[in-house]
Amino acid sequence: MSETPHHWIVTLVCDDRPGIVHAVTGAIVEAEGNITELQQFSSLGSGRFFLRLQTETHADHDALLAALQPVIDRYGAECRIDAVGRPLRTLVLVSKAGHCLNDLLFRQRSGTLPIEVPLVLGNHPDLGELAAFYGVPFASHPVTDAEQKAAMEARILAAVDEHDIELVVLARYMQIFSPELCAALAGRAINIHHSFLPGFKGANPYARAHARGVKLIGATAHFVTSDLDEGPIIEQNVTRVDHSRSPEELVVIGRDIESRTLSQAVRWFAEDRVLLDGQRTVIFT
Amino acid sequence: MSETPHHWIVTLVCDDRPGIVHAVTGAIVEAEGNITELQQFSSLGSGRFFLRLQTETHADHDALLAALQPVIDRYGAECRIDAVGRPLRTLVLVSKAGHCLNDLLFRQRSGTLPIEVPLVLGNHPDLGELAAFYGVPFASHPVTDAEQKAAMEARILAAVDEHDIELVVLARYMQIFSPELCAALAGRAINIHHSFLPGFKGANPYARAHARGVKLIGATAHFVTSDLDEGPIIEQNVTRVDHSRSPEELVVIGRDIESRTLSQAVRWFAEDRVLLDGQRTVIFT
Amino acid sequence: MSETPHHWIVTLVCDDRPGIVHAVTGAIVEAEGNITELQQFSSLGSGRFFLRLQTETHADHDALLAALQPVIDRYGAECRIDAVGRPLRTLVLVSKAGHCLNDLLFRQRSGTLPIEVPLVLGNHPDLGELAAFYGVPFASHPVTDAEQKAAMEARILAAVDEHDIELVVLARYMQIFSPELCAALAGRAINIHHSFLPGFKGANPYARAHARGVKLIGATAHFVTSDLDEGPIIEQNVTRVDHSRSPEELVVIGRDIESRTLSQAVRWFAEDRVLLDGQRTVIFT
Amino acid sequence: MSETPHHWIVTLVCDDRPGIVHAVTGAIVEAEGNITELQQFSSLGSGRFFLRLQTETHADHDALLAALQPVIDRYGAECRIDAVGRPLRTLVLVSKAGHCLNDLLFRQRSGTLPIEVPLVLGNHPDLGELAAFYGVPFASHPVTDAEQKAAMEARILAAVDEHDIELVVLARYMQIFSPELCAALAGRAINIHHSFLPGFKGANPYARAHARGVKLIGATAHFVTSDLDEGPIIEQNVTRVDHSRSPEELVVIGRDIESRTLSQAVRWFAEDRVLLDGQRTVIFT
């Protein structure tokens, strides 16, 4: 027990059975915690149960875990305990377009996005100056052939190890991960796709949206999987456009949606609000 | 205990103290209930705690209440137990404009709005035919002087008594309640105001919105209080307009927002999702 | 020249060349018309020019056409002259779900949708009562085999001829047109698809949207072509959903968007605001 | 006549009378211009006529003006001719909050906002580093008493003169202009107010929005007048919030809307799309 109270986030996922909420809240009572936020969801499709709560308590991490351990064991649950507001160690990957990186770093510095960014990696050097302004180390490696691509992926994995990275953000990184890299980063790599998925998967979505004559364009933040643009969706937004907009104007209009959508997804992930339910996500907002 | 399981909604409001969630869920466990939905909120402003859960159990209303009674007593809580899907007895008040009434009754008949409407009262006879189509009794009484106004209010209160009304909906009813009627129906009368409150309180909001040159117009569903258009807000929506729209066009465009916003507020109320926190509402969606 | 002024809509489409606006407005000046609304668009993709204007003038249809004829001839333009507010003769096709039909007919009767509906045809009898309430003739024909389907399509074409139909609206009509019927009604049949196209073309879009875990669901009003759900898009809308919504709830939530989107598309079409630019639409709102 | 074609914006405002569009487009034809965009609006309230067009022509500014001069004279019109894409000379005023400044400068540098910023003035020094990163001169002057306030206003006017400023942007500048400064900058100073006007005029709008329990918060970009927060509205946006958001969280959520709304208003102004119609604006988008 510590002098000043802690504010913990507890997430717990297991097969759905009666009594779980009571059991978990009992453990919180045992740890003399006050619950300040609690959300739960029973997925009919998968039969899985999801819970996220925040609790103020004098119990430290180990004491809280000890209180929860019998519940974890009884229900065969996956449980995670995290401190509210702890910055998530985040690696950001970029190419040339800087709007998403700028948005992430501006929010981070403003204190409204709980991440810390030990490194930005690019396949182009263009955004080094922007990273430098925010005091973030930057490195770039060209990726124009298979050998360079393999080197870049090794570099990414090395950075993940070195900096104990919890989340990799593809902030308009215009390279497709190999299946091996997808597997290595499963559940902890978020991409922003510049369309309202499942429409316009793959390349040049704005040009195709223009050709199809859609009246709304969008952006989708999703987990990276080896199935291109098919990973679980975290957040989506759209904005209205009309016939007078050229494909080039759609690109510019879309940047705002991309930035907002990606930052929102990263914030939710950093606050342990994103849980995986098969190909779907549970978002406790 | 009954043969087939019940699906109950439990709402509970009390001063915020540690252990409430555990105590409530313990009572649910005692009643052998499985929690299918649970939301809670601690209001920092008022120090009040709000909880809504849904539970499947063989316990009937009295058995569930008996299990919850010790918790209710210990925390001095207001508690309500309701059956999921039970239609709310609703009195609808109208004038001449039928869009909100049509929307409510169409949804009711489609099975997507859990209300039953034993009576529609109007201060004009115009909407009798619409009510008749939906098989709902209709009566109208002119309200053109103080005496008629008093008679109409007496009629409303009589109908509330006679039909055991749980909610009075002012579906573009263009009369202001007396303070006495406001008091009598406190917390169970919902009005739709045709502006985005607190902008354009009072009469002719669309004309005033046009004169002010706003770029979005809106509608607000709120509880009726004696302070005109100042009651707790339940739901608000807006839609974009531009300089080319006349005040008359704003009226037409606004109808859609009014209908949707009012129906949404009524659904939430009927599903026990609306709780009062002073001048604010807690909406568990 | 008539005593009271007319209010005309003029739409004109031709290959883009300098001077068209001046030529058209010159013809309006010649007809002593005052322009109250004017919009134009030059499509870079197709090289086509689109113009819509409204004009108040004492010239009748033939006099206005005579003034415009030299311009039409010089530019090889398609030109249409229509009276502002004239109700469009509209055939509505339905199956069992009534929300779109109810929305269209309620707006028509409220005077906010400039259509007249001489007939509603269904492949189920369910919506006859609703049509009757609005005083609209209704007929139903089962479509359960190829022969009945052919008979229904013949019935549709006969109704189009008999009532001089200008627009066929598929208001959640759950049958696919034959290529021949698509061809016969090209550019004057509007369907509402219950997804945000191009996502979830074809059957059961809400179930597939749920499985994919999208965070917004939508509806699309589009012209019917023989390429299923690939016709030019007129209007789209979306609404936010979260993980807790079942496929059945998505169906209910989606109805509002479907109704609004279809009615909006029909209004724009009835007001001559929808022009075809290849696979895209130009919407002058 | 020049070798390479120019792309001009022409805006024209006058009392509404028949024949204006024809007269203006005739002048464009005379200048051998091709019209690429044209919008008009007749204001019933004020009786004023508004037109904006874009034209490609070999005529230079003076030649185009010469062609338009007879029209200007005949209709007593105000007319402005501007080059498409010309950066608007913009003075930005700030206090401590950097989100709007960052948004404006990032867009400017990305080439998506046609402004040039010769100077940023602050009443606090905090944002000097941000301005420096974008290569924009920055100066700050404390404004804590009447004397300093007068000095700051003199500094603003001097900067407007020195840099031939066309637009002054109050990018969360937390000072109220004197009536004299309002008058001096009438029609060329844009403020971002952090509420959906006319709701929550004046100070601390988020705290008051929280207390009132609104379900949407917003931001409003408007012209500065001596009537606080009553100037003509250029753009408004809102976003959904719920009961669980604290006033502090509303502040953070609101920043996104403020940034977007202000940048949108500045872009429209820089593209000559914003015209004044009394207390209302005509926005040709």
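Think of it as A, B, C and D in the order they're written, each chain with its own count starting at 1.
Rule of thumb we're sticking to: contacts are C-beta pairs under 8 Å (C-beta built on N, C-alpha and C of every residue); 3 or more make two chains touch, one makes a residue touch a chain.
Protein names from UniProt, one per chain: A, B, C, D = Formyltetrahydrofolate deformylase.
Predicted, not measured: the structure shown is a model, and the values here were computed from it.
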Original post:
Between chain B and chain C, two copies of one chain sequence, what rotation angle (nearest 5 degrees) aligns their Cα atoms?
Top reply: 180
Original post:
Any idea whether A-B or B-D has more C-beta pairs in contact?
Top reply: B-D
Original post:
At what distance in angstrom does the C-alpha mean of chain B lie from that of chain A?
Top reply: 37
**OP:** Please compute the C-alpha centroid of chain B, do the same for chain D, then give the distance between them in whole Å.
**Re:** 41
Original post:
Among the residues of chain C, which are close enough to touch at least two other chains?
Top reply: 37, 244
**OP:** Note which residues of chain C are touching chain A in the complex, please.
**Re:** 41, 43-44, 196-200, 211-216, 218, 232-238, 242-244, 246, 277, 279-283, 285
Original post:
Touching chain D in the complex: which residues of chain C?
Top reply: 18-19, 21-22, 25-26, 28-29, 32-40, 42
Subject >> Complex interface listing, chain C residues touching chain B >> reply: 37, 98-99, 102, 106, 110, 112, 133, 244, 252, 255-256, 260
